[in-house]
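Should a chain be cited, it is by its letter among A, B, C and D, assigned in written order, with residues numbered from 1 in that chain.
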Amino acid sequence: MANKLYDDAAAALEGLLFDGMTVMAGGFGLCGIPEKLIAALRDSGTKDLTCISNNAGVDDFGLGLLLQTRQIRKMISSYVGENKEFERQYLGGELELEFNPQGTLAERCRAGGAGIPGFFTKTGVGTLVAEGKEHKDFGGETYIMETGLTADVSLVKAWKADPAGNLVYRKTARNFNPVMATAGTVTVVEVEELVGPGELDPDHIHTPGIFVQRLIVGRDYEKRIEQRTVRAATGSEG
Amino acid sequence: MPWTRDQMAERAAKELEDGFYVNLGIGMPTLVANYIGEDIDVTLQSENGMLGMGPFPADDEVDADLINAGKQTITELKRTSYFSSADSFAMIRGGHIDLSILGAMEVAENGDIANWMIPGKMVKGMGGAMDLVAGVKKIIVLMDHTNKKGESKFLKKCSLPLTGTNVVDMIVTDLGVFQRPDHDSKFRLIELAPDVSVEEVREKTEADIDVAV
Amino acid sequence: MANKLYDDAAAALEGLLFDGMTVMAGGFGLCGIPEKLIAALRDSGTKDLTCISNNAGVDDFGLGLLLQTRQIRKMISSYVGENKEFERQYLGGELELEFNPQGTLAERCRAGGAGIPGFFTKTGVGTLVAEGKEHKDFGGETYIMETGLTADVSLVKAWKADPAGNLVYRKTARNFNPVMATAGTVTVVEVEELVGPGELDPDHIHTPGIFVQRLIVGRDYEKRIEQRTVRAATGSEG
Amino acid sequence: MPWTRDQMAERAAKELEDGFYVNLGIGMPTLVANYIGEDIDVTLQSENGMLGMGPFPADDEVDADLINAGKQTITELKRTSYFSSADSFAMIRGGHIDLSILGAMEVAENGDIANWMIPGKMVKGMGGAMDLVAGVKKIIVLMDHTNKKGESKFLKKCSLPLTGTNVVDMIVTDLGVFQRPDHDSKFRLIELAPDVSVEEVREKTEADIDVAV
């Protein structure tokens, strides 16, 4: 089998990066982000990036690392509220920003990966989001057209992989990762664990290996928590 | 006496029905989960990719891979399923969620809602709010009746950039409850907080409403 | 929890059926078809059905049962080659037929369930399939618009379910079932096994319970095979 | 001597490269699987929802829930994954499959293909053929050079309803191999079956081709 496994994040990105490129990065907030690959992208110094990611990380973690170093020229996101450096650069005109409704962003990535260049949605009709977009009526209701998104490289975080590149995600760390995995010209994945051939149940693979070109196993995941909310310890189940 | 935030949440929770699938917005709407009646069974959806959201974890149960749309750590239940953001919003936009309870900066008498952007201030983004108001079967807004300056937030016309047009079905404020049976009808005041008068509501409401209390 | 479990297929369809309705039925060939629900639909005598299903069964099994009894007015399918009765009725003008490319059919069902009334695809451009459809250029290439599909009732076959209606499919019996489960105004599901709450891994549920309104456990599945192809018994693995 | 069906399949199999994801059409293209070189690793996709298709099962391994797009019973491998029809065609239409080898009734010199419908005959349907020719990166057609009447199937223009326009990259017939480097170029005869002459090919080919043998 064609070897997809690379030694580390820097090796996995080698030859793929260029100034002005478009990068998708999975994750919701800091949950399920490709920590190692983002750090390697920062270390690469690649500039003028267009980053497609639901959020922009925090000041010192996630995509915030690339904001610190001013490697990002434009963000396509649904929510960037956690990041002061983002605010500073945006208000200073140093950063472009395109807000997409979260569902539109997810569907645009899916569409890009599925060969769908445009689709209609009710989301955003009558709002700023609809400005300049094609409007069309279906069954007496108005919809707007949104376009598919692809990326030069997609950075994805999964839980487990096998050598064929089949992926399984864990809990809400799945989020944008599976659709972004389909939308990268090259998709680079980091996982916490590599398992042997046949160890993933074929009925339960979230991302088939065809979407994965390069793969690394990350170590010592930080997995930072943004809002640690707990209750008093009592049994509970519903 | 106007309702407190918890009382508003408690009132909104009465709109939940047995078997409902519900998405609760970030902030005050999250409190609604504390008042779900024990005689009904409601499944909470979190738009980051989870159906069947449980309570906050005990300290030793905290899992960085398990958060809600407010980025808070949570737990799973015996009915829980996880899915991608695309599948999550297919669920929302396809009309499969029965009810969403959201906060708002402004609501207009025609059901328009503005809850994501104040011009001149740093914009954080709409997140999933535009998808929710466009796709969910019933939208309830939970908000203070007036802003910090005492001005009505229930208006003839929203002044802020919209999140959706003609989408709100019910509004629960600290002063009372406003409802309309369909998207062609006027909102009607159907309930008042204790010791709040119709006159006070009229005075603090710019929107043209009917009164049915 | 609202009870989704019904005693049998007839009970699960009660109150949902009417002449002239649109029904989606999962399955590819005879693999993963809702055997019990199709039989109950036949027994109900509901007429003038529009059936959305990749295939039309064989003469005496699957949707072929509804052709025998002339309950189907129109089929929306990608391939109907296995059915003589179908051919007879179609050539006799008794049956309407709308062919969709298989991927277009699958995507139309997904779109219907996802609130997408229209999307663009390259499939079928320049062919009979494109006639009368909106054409649009994206990036110098021509695409056609296809519309979302929904059904009054979707009939779905899964392998296992829990009481919340969460579903898991088995191997290639999955096929059209998950997308059709999302596109029914009411979705009725038959499974081979009902498991207890919490017994399905929440990371591995294919169809979340929100899409399932009614549920039965079927017995004695026939699971007919169309092309039994075997090799001499020797070990092999790849 | 023209190639046999197996020899045609064997020739087409030479176009497979290590690491390729490949979809083989129903009928003659299925034979290609028997000739995949042992030095290369190829993953077969079946559009009914499977990646990593194994050989036919032994008699006691037959599983009604495990079939290919030709409805034949098959087996899984240690790399196999299953998915829905929508995800399968998202894979195909999104350009993720490297190569598809398909049968055809007619191919035109501009790369048009017709392989699903003969007017006047009962139409069985296009199945996934239109999706494959529109979405897969490279399309190879495997067909007899002439029909039963001895007429060319490689034409100036297809007479039958099309499956796709300007999509074919290579044609392997019983007489030889025709290839073009891109969709703006003419097909070139690049290989002949044993003892088949260029003249014979020219005689039996309506399409305008270049010759490079």
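We take it that a residue touches a chain if its C-beta (ideal position, glycine included) is under 8 Å from a C-beta of that chain, and two chains touch if they have at least 3 such contacts.
Computed from a predicted model, the values in this text were never measured in an experiment.
Contact with both subunit C and subunit D is made by A.
The minimum number of touch steps separating subunit B from subunit D is 2.
By count of C-beta pairs in contact, A-B exceeds the other of the chain pairs A-D and A-B.
Averaging Cα coordinates per chain places subunit B and subunit C 35 Å apart. A straight line joining the Cα centres of subunit A and subunit B is 28 Å long. One inter-chain figure worth recording: subunit A and subunit C are separated by 32 Å, centre to centre, where each centre is the mean of the chain's CA atoms.
Annotation for subunit A: residues touching 2 or more other chains are 107, 110, 114-116, 121-122, 169-171, 174, 202-203.
Among all residues of subunit B, those that touch two or more other chains are 76, 78-79, 82-83, 89-90, 93, 135.
In terms of which chains touch, the assembly is arranged in some other way, matching none of the line, ring, star or all-to-all patterns.
Pairs of chains that satisfy the touch definition comprise A-B, A-C, A-D, B-C, C-D.
Within the complex formed with subunit C, the subunit A residues making contact are 107, 111, 114-122, 136, 138-139, 141, 143, 147, 168-171, 174, 201-204. Against subunit B, in their complex, subunit A makes its touches with residues 28-32, 54, 77-82, 87, 90-91, 99, 101-107, 109-110, 121-129, 159, 169-179, 206, 223-234, 236-238. The touching residues of subunit B, counted against subunit A in their complex, run 46-50, 54-79, 82-86, 88-90, 92-93, 112, 117, 122-131, 134-135, 161-166. Of all the residues in subunit B, the ones that touch subunit C in their complex are 18-19, 21, 41, 43, 45, 51-52, 76, 78-83, 89-91, 93-97, 135. Partner subunit B is touched in their complex by these residues of subunit C: 1-2, 110, 112-116, 162-164, 166, 182, 197-198, 200, 202-203, 205, 208-211.
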